[in-house]
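Take a look at these structures.
You will see subunit A twice below: alongside subunit B first, and alongside subunit C after that.
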Partner chain A sequence: MGNFLVARLAQAAIVTIVVGALSFVLIRILPGDAAMRIAAGRYGPDASITEAAAKVRLELGLDRPVAVQFLEWLGNLLRFDLGHSLVTAAPVVHELQVQLGASAWLAAAALTLSILIGPAIGVLSGLRPGGVADRLGLAGAAIFRAMPPFVLGLLLMLVFSKQLSWLPPAGFGSPREILLPALTLALGLAAMSSRVARNSVAAVVKAPYFAFARHKGLPEAVVVRRHGLRNAAIPVVSYLGLQAIYLVEGVVVVESLFAYPGIGHALVHAIIERDVPMVQGTALVMGLMFVAIAALVDAISLWLDPRLRRTA
Partner chain B sequence: MSMIGEFTEARARPRLSGSGIFGLALLSLLGSFALVGPVVIPTDPAAQDFSASLAPIGGDYLLGADHYGRSLLARLAHGARLSFGLAFLTMLAAALPGVLFGLVAAWKGGWIERLMELLATVVLALPGLMLVLLLLAFSPGNYGPLFLGLSLTLWVEFYRVTRATSKTILAQLHIEAARVLGFGSGYILRNHVLPVIAPTIATLAAFAMATAIIAVSTLSAISVGLQPPTPELGSMIVELLPYYAEAPLHVLMPAMLIFLLVLGLQLVAEGDRG
Partner chain C sequence: MRMLRGLFMTVALGFLAAEAPANAQPLKVAGPWEITGVEPAQTGYVFSRLQVAETLVTADRQGKLVPALAERWSVSDDGLIWRFLLRDDALFHDGAPVTAETAAAGLKRAFSGAGVLSQAPITEIASEGREVVIRLAKPFSALPAYLVHFSTIILSPSSYDASGRISRIVGTGPYRVKSLTAPAKMELEESGHWWGGKPGIGEVHYLAVGQGETRALMAESGEADLVFSMLPVSVERLKANPELDVQVATIPRTRLLKVNAGSVFFDDVEERQALSYAIDRVGISKVILRNPDLAATQLFPPALKGWHAPDLAPLTRDVTRAKQLLADAGWMPGSDGVLTQDGRRFSVTLLTYASWPELPPIATALQAQLREVGIDAKVSVGNTSEIPARHADGTLELALISRLYSIVPDPVGTLLQDYRAGGSDWGATGWENTDVQAETARLAAVSDASKRAPSQRRAVQILQQELPSIPVTWSELAIVSSKRITGVQVDPLEVNYGLSAIRWAE
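Our next item is the complex of A and B:
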């Protein structure tokens, strides 16, 4: 039962170390002497800059061995002391708090929409394999899966904002603005999950326990609800774990496309501006968000399928 | 980078389905456009002609011209070659070490296998695109980190599938027999293992190329990948977007090309999955 938690905690630790190590190297290969840069930022680039830089080097311990500095860097990371943005000079943590909320809303909206669309199509297709709904679902899934999220987002933007003027193409604040980016992600997610749902529904419909429930005279609705949906949901939910990758990657892309002020948008901007503390902070939070979604999916899978609890 | 599904069991014999044949036809069409196009079309994809800015389709320019008056036909052909070429190289750089490490881990086991598994776990801890983005932070807009980041994330899938499949094959009796008869490891891997895993690897390769094409165009579209004036399909879309009102088809053509490339690769991959 607790196994999956341990594994996910280990994953979170790896995410922290990878992000921290890459950022540590990144900030050291930025052109120029780090102490000089900080001194110039603090006291202005005047005649006594060399002495000021020497003091800064001593104060921040930049003259110590690289290994010691790296351990300290990781230590700060663990205390969630992420430093200050090189561009706005605001503490990274403050910026992240605002952005995390925006991104979490987007991810939640996308996931909810995809759960409304994907499995519904999947159930329709799976109840009658080879039927019209199944063929349409297959074609739709193939088309939406071959479309990168940014192309899909652009098309939605062109249709719903430019042609029909129904929804705003960018911005943040009201549910109207979240709809297009969330729909972009949801369609991509649903394209994949609808096929998983279809296969699992088709398998359940063929299963002996499903036929038995019918033969013993249960009403069709009860058969589908009690014996169909829960069993069919197991593969769909565990597939959500794989979809977490798509979701997190998609959030980065779609936020940049729709100028949605979330963490993905901030990450891309930090990379363009080479604002290393922001790169580190945003990448860390996105990575941890990914681990958190995966852990949540693990937990739901365990709840849905008691058999896993015995083996785990 | 989640397009690559989870399938590890060896399949009997691959046969192309209807959609697989369609995908193959689509790919050969686009492939010849990408390979032959840049050679046959004499126009320089970077040559500007401001008198032909946003020239319509079918005039002096067969597929029109963009806002700088650059031939879209030439740019699309060069863009297709860039996408295809970069995806192919990335796939090779991921598949070769992936398969090799997978075979070694399955054959040797022990600490080599544990080390490889740890490496794979570390790479998989972050979503692939995040790793590519972090590497891109080192030098945005360059081929190097893009290529490195993509192959670094994509090799894991080749490795995991190769290792898992080879392990089951190596545990079988005819391998034991071959070993007892004194055949060397190279011979056994070449003649008993590789032929069995080859179709799966081909499927993974097609998926990997589709993933690479999506990633390169996406990253260029959000301006951290390849930069204009490189004729990259994703950045072409974004460059042309402000002129959508005047020339909607110009924006949609590169988007269509990306879509067809990815669709072709995915259909081929799934077609021979059976």
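Our next item is the complex of A and C:
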């Protein structure tokens, strides 16, 4: 267990330096004058951008050598200071709190909903491969997987906001507002996780130990609970870990459709507006989250599967 | 399972809350603008429109300048010293009185920043008693109009942090900021001591919703009482909804082609005129904007009195004439139908940006229309800053932009910038005209309408003839409100949305 922690911490340190340096270098390499981009980001498309850019360049010291600017960021980082956004002037930490916090809630809600939907359908389908539940599950998975999130999101809005007036189509801050974007994401995730769970359960059902449990006369529910779920869960947990990562980084479309101020939306804006500290801060925290999620998945797998503990 | 139950409980509670009595409810407003920070030069318009902060001067719905924090103003006979007398009953939200000193300090900051005030010929901003005194290098009658701009909102000293940065908005309007979650959400409450009286609804919730379709659904689902900037495609559907009111106003914004008149493609006036004749403005307005009346037959829309010249020969479509003019300028059709001259193909890049969702589709429509006269245009949708950058390095050929003429309520403010010597970001590129410069300078110095008329006419005429910017369509602003509220008015200048006058319907 000690080794495991040390390895993950070392990984986190490496991620920090690599991500910080990479985002710094990549943003510099992108074509276009950074001061112009920042000025456009700040003052909008009606402003005199050339004149504003001259002031921005002076204010932010963008003419200083690149190495000096990078070392400054690294020095601040050692003091746990991520700097200020070049566009909004707010501390990056504050922006991350709001936007990453919002995204984390959305991701958690979506993942929870998808776990309620996906693996449940997967287990039902996997127990009787080729049966009615399996076929319906496959059809549903194909439809929800194939549908782009913005189409699904709009359909949900039309049903739950416009027709039924149950849920708001946009906003954030309360459970009412998180439901529609979370459901949009959850249905897409469940489409995949239900199939992973189905295959995993189908494999377990075919296994000799499962047949033995049935043959010795255990009731079906006990067979599934005691011998089925735990074995089938191992690949599903790894897959859910991947989905959690996808959720944090890949929900830009859903966030902008539902006016949800998440980290994906913020990162896209930061890159367009050449807001280097925001890009670095966001990429850094996301990188660390990936490490944390991977560690969590490993820990759960260890707990589920005692064989791993013996080999580790 | 417990979690699921908890989720349903909160949802149920949410519905119960929605049933609370109307007068205790907040006015829910949705608009496209995100609140990226609190620096007035950046996001002051949000605070001005939602009546959190105020300027010295404001404009009424017709564009006439009216008092706000300044009760009245006057100019010395030589036109060089302006005095703005502050009203004595204005208080900031923190209880501090609005003094001439505070106001002058705020204006000095705006003058040295990136806002429009830095473009006025100001030499000194000072306070004398209850007056803000502004001294100029030359007469500039448009000065009060510049003080309407959102970057000049007057804020309390408690808005600034130790380094002189603005850290929060403590203004003078009927609403004060209760909570701000940048970039999307702001809650406002009645400030309690506005000089203009008590607002009709005590609390306002603003939500930034970027997608037009989502905004329409906010109105339709009753989740927002007032929604700004509807997409043209949604307007018809919303008008048919019995629970909603839709108001539409023409705003002083023109979508136009910024042409590099210094490039080989557009250096002859005939080439620019040919480009103009190639454009099907009515078609674009009808299909993309759903309103054929928005076809821009000249730079300024009819709503801009004095600037729109009804008797000016309108810009129209005439493909034959366009081809003829291009042939006269030496462009001959090549084997693939694209014009050539001295071995050079008439192939240009048409830059645009997506800050306004209608620009990219208009650009592709223009691409097809230009192809009909033998011009090959490649559409490139990029960042807003690309156009000023390409203007500066001289590589710009053609750009589709959306230009606002009410940056200050007097369009001369925009014209001074756009057609000055050397051109500008959103104005002329490679084109200069001393007559236009002289007329705009005269307009900036003179305020008497009858004396301004000949100069306005002359400037507009030259621009229509020379086409350094080729108008494509005018713009309108659509606002949707729920029948639950009354007193909603559209402000075509988008200075102040008058939320304090809105009341719950009986």
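In this section, the second predicted complex is superposed on the first by the 225 of 312 C-alpha atoms of A that agree within 3 Å, B and C clash if a C-alpha of one lies under 4 Å from a C-alpha of the other, contacts with A are read in each partner's own complex, and residues count from 1 in each chain.
The working rule: a contact is a pair of C-beta atoms (placed from the backbone, for glycine too) under 8 Å apart; a residue touches a chain by one contact, two chains touch by 3 or more.
What you see is a predicted model; the values in this text were computed from it and never measured.
Of the two partner chains, subunit C is the only one that A:Val98 touches; subunit B does not reach it. Contacts of A:Ile115 after superposition: neither subunit B nor subunit C is touched. By the touch criterion stated above, A:Val279 is placed in contact with subunit B alone, subunit C being left untouched.
Of the two partner chains, subunit C is the only one touched by A:Ala89; subunit B is not. Of the two partner chains, neither subunit B nor subunit C is touched by A:Val205. After overlaying the two complexes on the shared chain, residue contacts for A:Val252 are found with subunit B alone; subunit C is out of touch. Contact with neither subunit B nor subunit C is seen for A:Ala133 once the two complexes are overlaid on the shared chain.
In the superposed model, A:Lys162 lies in contact with both subunit B and subunit C. In the superposition on chain A, contact of A:Leu154 is made with both subunit B and subunit C.
For the contact definition in use here, the residues of subunit A common to its subunit B contact set and its subunit C contact set are 154, 158, 162, 256-257, 272. Those residues of subunit B lying in contact with subunit A across their complex are 1-3, 6, 19, 121-122, 125-131, 133-138, 140, 210, 214, 217-218, 221-224, 234, 237, 241, 244-245, 248, 251, 255, 258-259, 262-263, 266-267.
For subunit A in complex with subunit B, the touching residues are 11, 14-15, 18-19, 22-23, 26, 29, 142-143, 145-151, 154-155, 158, 162, 242-246, 248-249, 252-253, 256-257, 267-268, 270-272, 274, 276, 279, 283, 286-287, 290-291. Within the complex, the subunit A residues that touch subunit C are 32-33, 36-37, 39-53, 55-56, 85, 87-90, 95, 98, 112, 116, 154, 157-158, 161-162, 165-176, 179, 256-261, 272. Touching subunit A in their complex are the following residues of subunit C: 3-4, 7, 10-11, 14-15, 30, 36-37, 39, 41-42, 113-114, 118-119, 165, 181-185, 207-211, 213-215, 217-218, 220-223, 353, 355-356, 383-386, 388-389, 391-392, 402-404, 407, 417, 424-426.
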